[in-house]
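Labels for the chains are A, B, C and D, by order of writing; each one numbers its residues from 1.
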Amino acid sequence: MQVGSDLTIPEGARLIEGDVVCAGFMDPWGSLGMNAAAVVDMGTNAATRATDGVDPYIDPWYRNRALAAGVTAVRVQAGMASVRGGVGAVLSTAPAADLESMILLRDSNAAAGLGLSSRGKAPDVFARIGAVDKLVGDINSGRDYSIVHAKYAREMEAWNKAIAEAEAKLEKDFKKAKKDRDKEIAEAKEDDKEFKEEKYKEDKLLKRPKLPKQDVEDAVMARVASGELPLVVTIHRAAEMRELLKGTAKFKRLRLVIAGGTEAEAVADQLAARSIPVIVRPIPLGANRPDEYSGHDLALAGRLADAGVRVLLGSSGGGSADLPLLATLAIGHGLDRDKALAALTTEVARTFDLSGELGSLRPGRRADLLVLDGEPLLPTTTVRYVLSGGRVLISPDSQD
Amino acid sequence: MHTNALLLASLAFVASAPTSASSSEGDALAIRAEKLHVGDGTVIENGIVVFEAGVITEVGKGAPVPKGVVLIEHAGHLSAGLIALREHAGAVGESNDSTRAVMDEADLSYAYRPNHSEVQGLLAEGITTFVLAPRPGSLVGGLCAVAKTGSEVISRRAYLSICTGANGLTSNRFPTSLQGSQAELERRFSWPRGVFATAVKGELPVMLDGGSSRTEVQHAIAFARRHGLKGILVGSTRLGEMAAKIRAAGLGVALSSYSPSTGRRVVEGAVALAEMQVPFGFALGSPNNHPANLRLTAAACIRGGLKSGEALKALTSTAARLAGVGDKVGSIQVGLAADMVLWSGEPTDPGSRVMAVYVDGDEVFRAEDDENGDDK
Amino acid sequence: MIWTSFLHAACLTLCAPPLQDAVVVEQPQEPEAPKAQPAVAPVVPVVPAADLRLHAERVYTGTGEILKNALIEVRDGKISSVRPGRSAPEGVLQVKAVTAGMIDLSARLHSNFNSVEQSTEVQPHLDVAGSVDLHDKRFARLARTGVTTVLVNPLDRNVIGGRGVALKTHGPMEVEARRLNGRPILRGAIGSEPSAANHAAFGRPTDFYSRRPTTRMGVEWEWRKAFFDAVAAKRLPEKDFPGAEDLREALAGKRTVMIQAWTTQDIRTAVYLDEEMQREGFGDLDLVIDAGAEAWKEPGILVRNSTIVVLPPHTAGGRVGSDGAFLAWNTASLLVGEGLTVCLSAHGAGPGSATLGHQAGFAMRGGLSFDQALAAVTSAPASVLGLSERLGTVHEGMDADLALWNGRPFAATSRVTGVLIDGVIVVDPR
Amino acid sequence: MIQQSTRLLQRIAQTHLALTLGLLGCSFLLSAQAEAGEKYAVRAGIVHTLAGEAIPNGVIVIEGGRITAVGSADDVKIPWDAEVLDVPHLEAYPGFVEAHTSSGMDRPNESVSVAPFLNVRDSIDPVAFYFEDCLRSGITTVNVQQGNACIIGAVGMVVKPHGMTVEEMLVRPRAGLKISAAPKSGMSRATQAQTLRGAFTGLRLHLEDLVQQKRTGNDFSRREALYQGRDLAGERGKGRAMMSKGWTVEGLELVPRGEVDEKQEPLLDLVEGRVPAWIYCGAPMDVRLALEIASDNGFLERTILVLDDSCWKAADLIAEAGVSVVLDSTLVRTEMDPKTEEEEEVFIPGVFKDKGIPFALSSRNSTTESLWFQAAMCVAHGFTRAEALAAVTTTPANILGLEGEVGCLCPGAAGNVLLTSGDPLSVTSFVEYVVIDGNLVYDRSVDIRTQHLLEGVVPEGTESHAEEPEVEEDTRKKAGDEGGSR
């Protein structure tokens, strides 16, 4: 309702005291609340819905852990490692029995994965570049799709008009036509010839325009091309990123989001120029990590931010409850504290069009907020209260 | 930001006397830090540490800085170098041999390669000492060494590594069963010879990997008590659940690295162990775990209720004591090696950066200057 | 209906309060109570109160009698008294029926391949106790079905797997503290299992599975060789080997030898082995056939050797076990009819429809009488374990291991709703 | 008459048995079929109609396969020309009803994901041992549906477990369409949901296209007539307007139903509510999808959920939707608390009973877990006998839309009678005779498989056969090993 230092607390309102209040953290690259099989599904396509993979029946304890860590929202995806991840959604981490109350945004983005290892094997280099072109192609056909359908709409309009006119004319001439016909029949009778109906021809203007093919996947890609949906591309290697940036340059309204971006530093200037956000995974990975992560470096977030790239931090499904802790690692490796905080709140909201709803403490925003006993993102700071949608879900006296 | 400014100043200072960045030829060095963590829990505001020939000679607020000694100002925290218990870095693929169940005399110090990139990776995270241990896979894996990061081995007989649990078994050599491995270990320790004798006398501590399950850990503890063994337990995320038993057995613990899946137990374990006053440090297990995992684990424990002072001790002095090198490293005390880390903030906060690392008084790591101080 | 597996809290609250009201309420209405306690010195007029008391409409004692409206008192884990014809005092736990806790001699609670030392095929000296995991949820699950004692044996991958261990399904979390020291059991197998993983030396000489039997013949030969070697070693100490003593004890009848043998041919082999030992004058094995599904085909040889049989669970089609054995549902009644001791087991099946209690029911479907069925899951296995003094029947002085039923035991329409183990309420019927 | 057929059958059986490998043949199959109007009567010690009080010394009269009279022997007169089964030592019960199974088919699943055009009729195997076992455990009505590994499966049918051909067995064809809300292998819940919705969108587009073509055609001929000055003979639709509680396609009446793609037809029937839907849910989250699909496409009223045991968590949702369910044969489920790692046991039928959701039990097709045993388990968990028996008789009958036809012994119902040696829920009583449609179809005294199972009786010549399959396999395995070594 109101935020400020000199507010009058309305009657009957519960006053929660705390040193620091900040917006609830959001994991822009998580899997909390999703059915495991749906997350790893490799068979998803552009039209697969994340909301169909949401499992409201997972033990509330898992979501409470995320809440207790201050994470109040997660962007989820069916087929996180799939070539086309389909339509993502943003979920609240507040435990709920029914799907509807979990969903904050049911179509937050479209998604694609490029060059990702499956079962520890990376796709070969040519296949990888091919995959990039394929994605660009799909965005293209998405754009054409909307063009074709717009064209169809116009043609239908014209056709309806033409038909109306034609029929009006026919109606008008009917009486005469009828008279002529009777006459001809009579004549035919006299010189007993067989009566022939006059041939009716229609010019092709009156031919009904053909309904273009309906395609749910193209329909989604159309929304991507028009910039209605951001496109989250999970991609790590510099070569593929260059190819992608080159290929997508022509789509002026496309809103690209990079997830992973292990080697994104190489294309940092372009990313900054086109203001393409990168969701960095600030998790410490050991020696036996997948091929696309081989260049993994905890300093990535800091370096990109320094290069002026918009940085988000995501768990990549590794456990949203740990994201705030992992964020501190990014800070320890060069990411500015304020930017780290933004990367978990305002930047996420901005990237996925939630700014009107979430991510900051302004009147009118959904009351997802944290009350802390110290600066956020310090291990010594504990989250005392967590409010989700205005409900107090975590308080010092609630255990797990 | 003025932090960094000051730091830069200090860097310039050091640069002006490049040789002095190394104190090995005898000329001393001194560092003044805003907060100096001694390692026993005390913190000295604007504390000064003076070291010469790789050894700390003076510590304190007003520690006298001898004439001509370069004084480096560090606007941040200073602590002893971090210590990882149970590490595999620098022993590439040579840290276990599963063909034989018992390799009592195997000596890990022979497998150590100080200059391997894995080892250098540790420095960037402020780790200056670690226990090089065999990977599980045998009943008795050999003798663990304590190594200085990028430097020499300071103890060749830190622990005798023993797996009492299932991860000492393999399916195609004796033993394939727990009762088999128990029988074999009983035999070795009941009529002990060689290292076993030393261990039973309590002169050689053991690193007991009980395996993951509670029952296996119980067996490990019982085994240690039965033979009066000293040393640490490793390997299980459930060790905290048995804090009381572990304390009764007079053993220490090396907590496993944090991971989202097992993390919760590790954290609860740390808190329980601290309450029971069981001495514990942290295992790292790089290269399969990232070196940053050491501080992350500590931070997770702090988030879970562990005092950050306790955490720092576990990372430094306690770990040193557990590894039997408390008289050499692990705290900022006169006479100990000048292994130090200069932090931008609290050492146990993963959010603070490693600005510089000293091993035996030599500066072995220095963070490249970061801009985000400036663009504010 | 929902109940949790651990009820320490429940049992504590239950052990505490009754102490008082037992003294206060109990005394007046039970004048002869003091007489029932002759041991109590006259200077102490008040009878030490029971830790727990429960009242049952019917107590099936396991000795053939049924006590109606009996009041059972439990003191320090033992049954301190069972008195029929009582009305239920206030606030006392009430149940329909009580039997002794059931005993499964083939509970299969071993920790799989960690529980058998396969480096050599004969390991009489190894004790499976070393690999038992008491935190394994299966113990609690079994307890919930009324099984209060189990015999855990090594996996059947060895010819002679080693010593089994008898355990309560609830109690202290350390094997040695829970171990029931009755008659020692030596467990092995005949049939396809012991040789399942093995192969001849050619091709893969590096692994030791090439040294082991690959046929039934081989398995049988290993048995005989083991005993012959053990006897030989007695005379030639230099020939001694780990476990030889265990084998000699077995021959001397000091250990029970439990052999898994599903099919007729394997049961025959086991009995012949025993008889050969007798002929050779080596001794007489105290033989128990485990999983003797086809015992019904040739009961004669079993009678001849008075062999005890543990039966695997009944299945719809009769087929059971890896050797494709066929278990006829009247096997138990047939063998009992022949005067043999029969124990039933779930052989690791269930929970669900294949609990030990259901097996007793199915055996009754096959013709076994109720009393015989009860014996087959309580007193008979208790005697095999040499624990008849403590387990298997409900009367004064026995361990307070009780299965509390909500109807006639073993009927498909009733089930175990409560369980006591050593006097502790493990499952609370309320 | 029975005696005769018995002896004869035993002879047949012997030869039959010698042929069967391992499994013993169905010797008791008494294959007389009821002529219309043929009369049959049962006199039993007690008759449990499950539609009122039990009747001591009761009589059931069946004419032309249907029960015409039930009552005490004093009141009900047995027709003089009726064949009588006089068993005063036995109790009579209505046959049990299996509300949903995929047994009895040679293969329960089809690899095609969306295959509403299939029919289990073509897969049912009349001599499957499943049907034989049904009689042994007193099941006289079976709803056979495709397996759960599908997206939209075949049309199922209700049969009686007796008869040499599917036609003979038939009770009700087109007993519903099988749908699965749980992913078939290779799919996840997200993609399963997508394909499922896609199937219905596909149907809709197909219908709209048909209508469009017709319209274009009609409009043209109208214009032609106008041009030629003809009076247009009223072009009326030859089809039927679409009736559905969900979505409808305007003008479908223009399309003769015959022109609708036959592959789509069963789906259209479903949407128009002409056949029920059996939707399998493998997890609680599937229930939501199942109900969404059903209500969006207008067949919620005719939907029955086939539930995995985990689905008890969605009971509230189900109760709200007011649909009936068929429960999994696992009645007690163990749930583990992820934090404390402690286990809880949930008695599933109890949950559904408390929520007032009509549920049928389902058997695992085995003596140890057949319907009678499932019902008994319910009693063991506190159900009344009536509640438990209802879940295997009247409730499934209602769910199948066979209310009053099966599941009770009342006039008008099919003449399906069990004669049991005692309480059918007792582990020690047996089904002695089974009468279906007024024919004696099972007689335990000549059921050699039961005798073999219960008494180990092995008819001559079958011993070795009975042993071989597994043993052979066994030795073959060994041989392989040695083969490698030689």
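Heads up, the rule we're going with is that a contact is a pair of C-beta atoms (placed from the backbone, for glycine too) under 8 Å apart; a residue touches a chain by one contact, two chains touch by 3 or more.
Bear in mind that the values here come from a model prediction, so they are computed numbers and not experimental data.
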If you tally C-beta contacts across A-B and across B-C, the winner is A-B
Cα centroid separation, chain B vs chain D, in Å, comes to 66
Whole-Å distance, chain A centre to chain C centre, using C-alpha means? 60
Distance from the mean Cα position of chain B to that of chain A, given in whole angstrom: 44
Where chain B and chain C are represented by their mean Cα positions, the distance between them in whole Å: 49
Would you pick out the residues of chain A that each touch at least 2 other chains? none
Can you list the residues of chain C that touch 2 or more other chains? none
Touching two or more other chains - residues of chain D: none
What pairs of chains are touching here? A-B, A-D, B-C, C-D
Residue numbers on chain B that touch chain A, as the complex places them: 118, 260-261, 263-264, 286-293, 295-296, 299-300, 302-303, 308, 346, 348-354, 370-372, 375-376
For chain D, which residues count as touching chain A in their complex? 183, 186-194, 198, 205, 212, 216, 219-220, 223-224, 226-231, 283-285, 288-289, 313-314, 316-317, 337-339
Parts of chain C lying in touch with chain B, wherever the complex brings them together: 111, 113-119, 123, 125-135, 154, 162, 173-174, 206-209
Per the touch rule, the chain A residues reaching chain B in their complex are 65, 284-288, 298, 302, 305-306, 315, 318-319, 321-322, 325-326, 328-329, 331-337, 339, 377-380, 382
Give the list of chain A residues in touch with chain D in this complex. 35, 37-38, 40-41, 43-45, 47-50, 52-57, 59, 61-62, 78-79, 86, 97-99, 163, 166-167, 170-171, 173-174, 176-182, 197-198, 200, 202, 208, 211, 214, 216, 400
